[in-house]
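Common to both upcoming complexes is chain A, partnered first by chain B, then by chain C.
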Partner chain A sequence: MTLKFLPSERLQDLLEELSRNRKLIVPAKSEAMILFQDFGEDVHLDLANLSRLSAKEAAFPQTETLLSFGYEKETESSEPNKVALQCEPKEKETIVFGLRPCDARAHLLLDKVYLDDRYPDPYYGARRGNLTLISLTCARPQKTCFCTSVGGSPSDREGSDILLTQIEGGFLAEGVSEKGKNIIALNLFQNSTQENEEQAEAVKKRAAESLTLALDLNGIEKRLMDNFENELWSELSAPCLNCGICTYVCPTCHCFNITDEQRGLSGQRIRTWDSCMYPLFTLETSGHNPRSLKLQRFRQRFNHKFSYYPSLYGEFLCVGCGRCILSCPAGIDIREVLKESPMHRGAPRRMKIGLFSREHLER
Partner chain B sequence: MAENVVGPKNPYLPQIATIKKIVVETGNIKSFYLVLNDTRHMENFAFEPGQVAQLSLFGVGEATFGLANSPTRRETLQFSVMKAGEVTSALHDLAVGDQIGLRGPLGNWFPYQDMKGKNVVIIGGGIGIAPLRSLIQYMLDTRDDYNEITIIYGARSPQDLCYQEDREEWEKRNDVDLILTVDREFPGWDKRVGFVPTVLKEVAPSPKNAVAVTCGPPIMIKLVLQELEALGFKDDQIITTLEKRMKCGIGKCGRCNIGPKYVCVDGPVFSLAQLRQLPDEL
Partner chain C sequence: MKEVESRLKEEVKKILDEVAYVVGYQEGLTPLSARPLFIRNPKEVDRLVYNDFCAPNLANYVKKSDQKIGIDQKVGLIVKGCDCRSVVQLLQEGILKRENLILIGVPCRGMISFKKIEKLFDPLETYLAEVRDKKLKVHLAQGEESYHLEDVVFEKCLWCETREPLVVDIMIQGPLSLELEQKEKDFDIVELEQKEPAELFDFWTAQFEKCIRCYACRNACPLCYCQDNCLADTRQPHWLGQQTDALNNFMYHMIRAMHVVGRCTGCQECERVCPVDIPISKIFRKTSMITQQLFDYIPGMKVEDVPPLLTFKKDEKF
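Then we have the complex of A and B:
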């Protein structure tokens, strides 16, 4: 670990330096909320509050072109039609500055899906390979934060290239990766003192201690499966509007749709964020829908995060940022669902909603 | 122009294929015989019976289809498409010589190696016969590896039965037992009448040293599973292939899961024993 000190008055210089020939995005005030925005003169940096959306867009944009296509002639023509394809690389070097450690760690969870051995995703991979994450210790976690319950901490270094901790007069900078170490080798950074380091430790300690909730998620992966058909899902999902905001603000939700758009002879195949909360997500052409009911979609979200993903990758697909809690118009709290939920209350009652429900098969 | 510049391997980038032949199977099913434009890719296109591919109509979208021919007969890549939604309707409008996109092969395949030496009962309904045809052709081309082969295939009416040429071949051969059925009586139809599960019950194949492979509409599969169980078939003797709405086909977009399994990469072929381990969300 390389430690350095960045005086507050050099922060602007650092951001200007980092934005040179690169894309730099920072959390900044945008009317009523804080969002990650391209760094520039009119951008009002806000490092104190949690951004409304996560930083996942740098590696996994809300919309991106997978390929362009062009037909030789109008489709009405009676002659056979030929088509040509083109892919464009999107490999611009990008730095995210001032994201929370939970958001940085989320990238490691997305990597497991997108950069697997079998089908590594070249679009995500190109962006991810050119991405540098400079996180900031979460000095004052919000009431909705629960990172320590799902394997993180307010000063977690996992996934970050640099971890900054705000202290008196500036920031203690920890170079985590080679990329990060190269940046803090810039002469904007000074050597850190023992006092700087002690102050940073105190900030981290105070932050961790403020998170008093400890969710018992031991064995949740199996408990969720054992209670798949528990009727309590119906009760828990009742307030849900299926609006999808929880998946939209989530740093780890990564489901997407692929659609084509055409004008004249050419067009694009586009990838966009999608959500398991929407009935169209799984609707089949025949009209059959394996997740036609609200409770099935609600259940999918929790099961994916705390059972399916863990069974494949050994970690929860949640970093405890609490954005879904903050944004939910119906007041659904992921912690309450996990705490209270089917899994802890007595013997499960069975629903009969599945097409191949076991009652039919086990006669 | 068609070079992939993102990386050496891009699983989202389709190969361009040309339609070489179209067979009108029924009123709403056409079979498309495709050849990849890149001859090297066509030669190297290695697939197994039961695997699927994504067909692309650029500007309309992509959809998943099972390969309907056997790798032992791979001069073309064949897909039987029932006109149902946007992509399938647009496909039905195409003509010989038109170009479409193809991504594949994707997914797993029928466990034909494990089925060697066994009696195989194929049970298909409607368009569900398409992936089974790949397996049937494969077994007929390696006939000595298998014991008795029984095919129960049903459709609504005689006009709704696909693969006339194949059916003629299967009927002629004395080493395969073909049982055709239609939903009700039709003038000139002298074969069985009745739904597939009912006919399965009448035919009553023995579970001894047997494997049953079924594909069809969900309601048919459900009833066929019941009949097979009543006949004494165990969960690991029953194989089915599933359909789900899919987009990426490579286990990322998140919509085709049944519990922790993705139908696109862990399926589409599952034994009933495997399905029993999964949540009931088909």
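Then we have the complex of A and C:
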């Protein structure tokens, strides 16, 4: 591990340096929310608050062209008899700066699906190979955060190329990957002192200690399967609007749709985000839909994250960022679905229905 | 409001035997939020709350359900004045059956908007919240703070004309007003109308560029009930592309505007649920102003009314 120190007053220089000939994406304030935006002059960097959407678009954009096509006709009146295809994945080097460690780690979970040895996805692969992730220790986890329950931590290095930790007068920079080490070798970085390192350790410790919630997810994979038909799903899904918010703000949801968007004789085959909440998600050509009910679609999301994906890849498909909890218009809380958890200081205000916790099922 | 809540609980208990369930509110993520609660048995009544944070329009849940409640199953529904207009509109359109609904009206003195609060302080760091002496008082980590209600209630509440539900079976009496300074109805629309068309187009393009097509606005709308058959999703006919770009997003919102025009009751759920803060209700309020002028009709006021776009009169002028 290489350690360096970046003084606060060199941050702007670093961002300008990183944006040269590359695409640089930073969390920035836009009206009342934080969104990842292209770095530029009128961008208001905000490293303190959680962004409304995750950083997954850098590797997995909501809309991408897989190929372009054009039909050709011999004469004006003849039927098109030839089709020309064009497919050039062009990817610019991209850096995401200031994302949270949970968001960085999410990329490793997406990699398992898209960079699988058997079916590597060339489009995702091209972008991912050109992507550098510079994350920032999450100094003040929110009440909706639960990264430590799903295998992460506020200062997790997994998935990051560099991990920054904000300390007095600047940032301690840890070069995690080769790519990251090359960046912190820039002159803008200074050698770190023992004091810098101790301060960073203290920030990390405080952040980890502030996360008091610990979901017991031991055996959840099997418990979900054992309770596939449990009536609780009907109760839990009742308030769900079946919109796509939870899946679209999620840094790990990765389902997509492919459509041909054609106008006249030419068009594009595009890939767009899809959501298991949508009725068309599993609608078959025959008209049959194995998940025709809201309950089934709702259940799928939790089963995929905490049972199907873990059975294939040995990890949960969730990094505990809490965005789905924050943005759900119906107040559905993923933690509550998995287990009760008191949210408030003093008497617990909510989470009164015991759900898929062992305690509940034993009752 | 505590009194209203306890009387509401009593009334809900009384009707539980008659209905599949009652849709009400329970505590939400923060002391400043409430979320839907489906009550099936007397024990669940304990979780019922009613306070100044009960913003969601529960009318949405009587139509959009796997169980088709309110259509072939009797259901109880807690309605505020504005929510009740959605029910009235759905009754006018023949979507709900009156005999399958038990409507419990609750008094509303204006609801606190979570989106407005987020701009002022962090709701996640709030431990207690209450409306008292025309102020919103909250306990934050740094101590107690209070805010003017005019700054934290939904704009729609500042011009509300239907604080009392128009059609109910049981009414819980309670405070209907906080005597806040009223705003002129749809004043923000009047402001937008001053813009040049090109400027207006730029405004909406910037808004729709943010849209992530999660369809929460559609799904939260009690009147968007082409459930699972929305033309935003259909491939044949191909009305709009799946690309998430300003143009296609624009098209999606315009199609929705055309389908909800003359029916929108102005509950603004679309705007409340939007994860990227698009002021969508402006579109619906503007189109409503047009239909109101053309047809002298306000949606969701009387069950006997016939929505103008659902009928044709021989003497209509073109």
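Criterion: the second predicted complex is superposed on the first by the 332 of 363 C-alpha atoms of A that agree within 3 Å, B and C clash if a C-alpha of one lies under 4 Å from a C-alpha of the other, contacts with A are read in each partner's own complex, and residues count from 1 in each chain.
Here is the rule we go by: a contact is a pair of C-beta atoms (placed from the backbone, for glycine too) under 8 Å apart; a residue touches a chain by one contact, two chains touch by 3 or more.
For clarity, every value in this text was computed on a predicted model and none was experimentally measured.
In this overlay on chain A, chain B fits alongside chain C without clashing.
Looking at the shared chain after the overlay, A:Glu88 reaches chain B, while chain C stays out of its contact range. When the shared chain is aligned, chain C comes close enough to touch A:Glu235, but chain B does not.
In the superposed pair of complexes, A:Gln62 makes contact with chain C only, with no contact to chain B.
Judged by the touch definition given at the top, the superposed model places A:Gln37 against neither chain B nor chain C. In the superposition on chain A, A:Leu295 makes contact with chain C only, not with chain B. With both structures placed on the common chain, the touch criterion links A:Cys276 to chain B but leaves chain C unconnected. By the touch criterion defined above, A:Ser54 reaches neither chain B nor chain C. By the touch criterion defined above, A:Ile245 lies against chain C but remains apart from chain B after alignment on the C-alpha atoms of chain A. Touched residues of chain A, counted separately for chain B and chain C, are more numerous for B. Contacts of A:Gln199 after superposition: neither chain B nor chain C is touched.
Superposing the two structures on chain A brings chain B to within 6 Å of chain C, judged by their nearest Cα atoms.
According to the touch criterion, the shared surface of chain A, contacted by chain B in one complex and chain C in the other, consists of residues 257, 259, 261.
Those residues of chain A lying in contact with chain C across their complex are 31-33, 35, 52-53, 62-63, 142-144, 234-235, 238-239, 241-245, 248-249, 257, 259, 261, 270, 272-273, 275, 278-280, 292-295, 325-327, 329-333, 343-346, 349-350, 352. Touching chain A in their complex are the following residues of chain B: 1-2, 4-7, 9-14, 16, 18, 56-63, 84-85, 88, 95-101, 217-218, 222, 225-226, 229, 243-245, 247-248, 250-260, 265, 275, 279-282.
Residues of chain C touching chain A in their complex: 26-31, 33-38, 47, 56, 60-61, 64-66, 115, 118-119, 124-125, 127, 210, 212-216, 218-220, 227-228, 233, 235, 241-245, 272-273, 275-277. Those residues of chain A that touch chain B in the shared complex are 66-67, 69, 71, 78-89, 113-114, 116, 118-123, 125-126, 225, 228-229, 254-262, 267, 269, 274, 276, 281-286, 288, 290-291, 296, 300, 303-304, 307-309, 311-312, 354-358, 360-361, 363.
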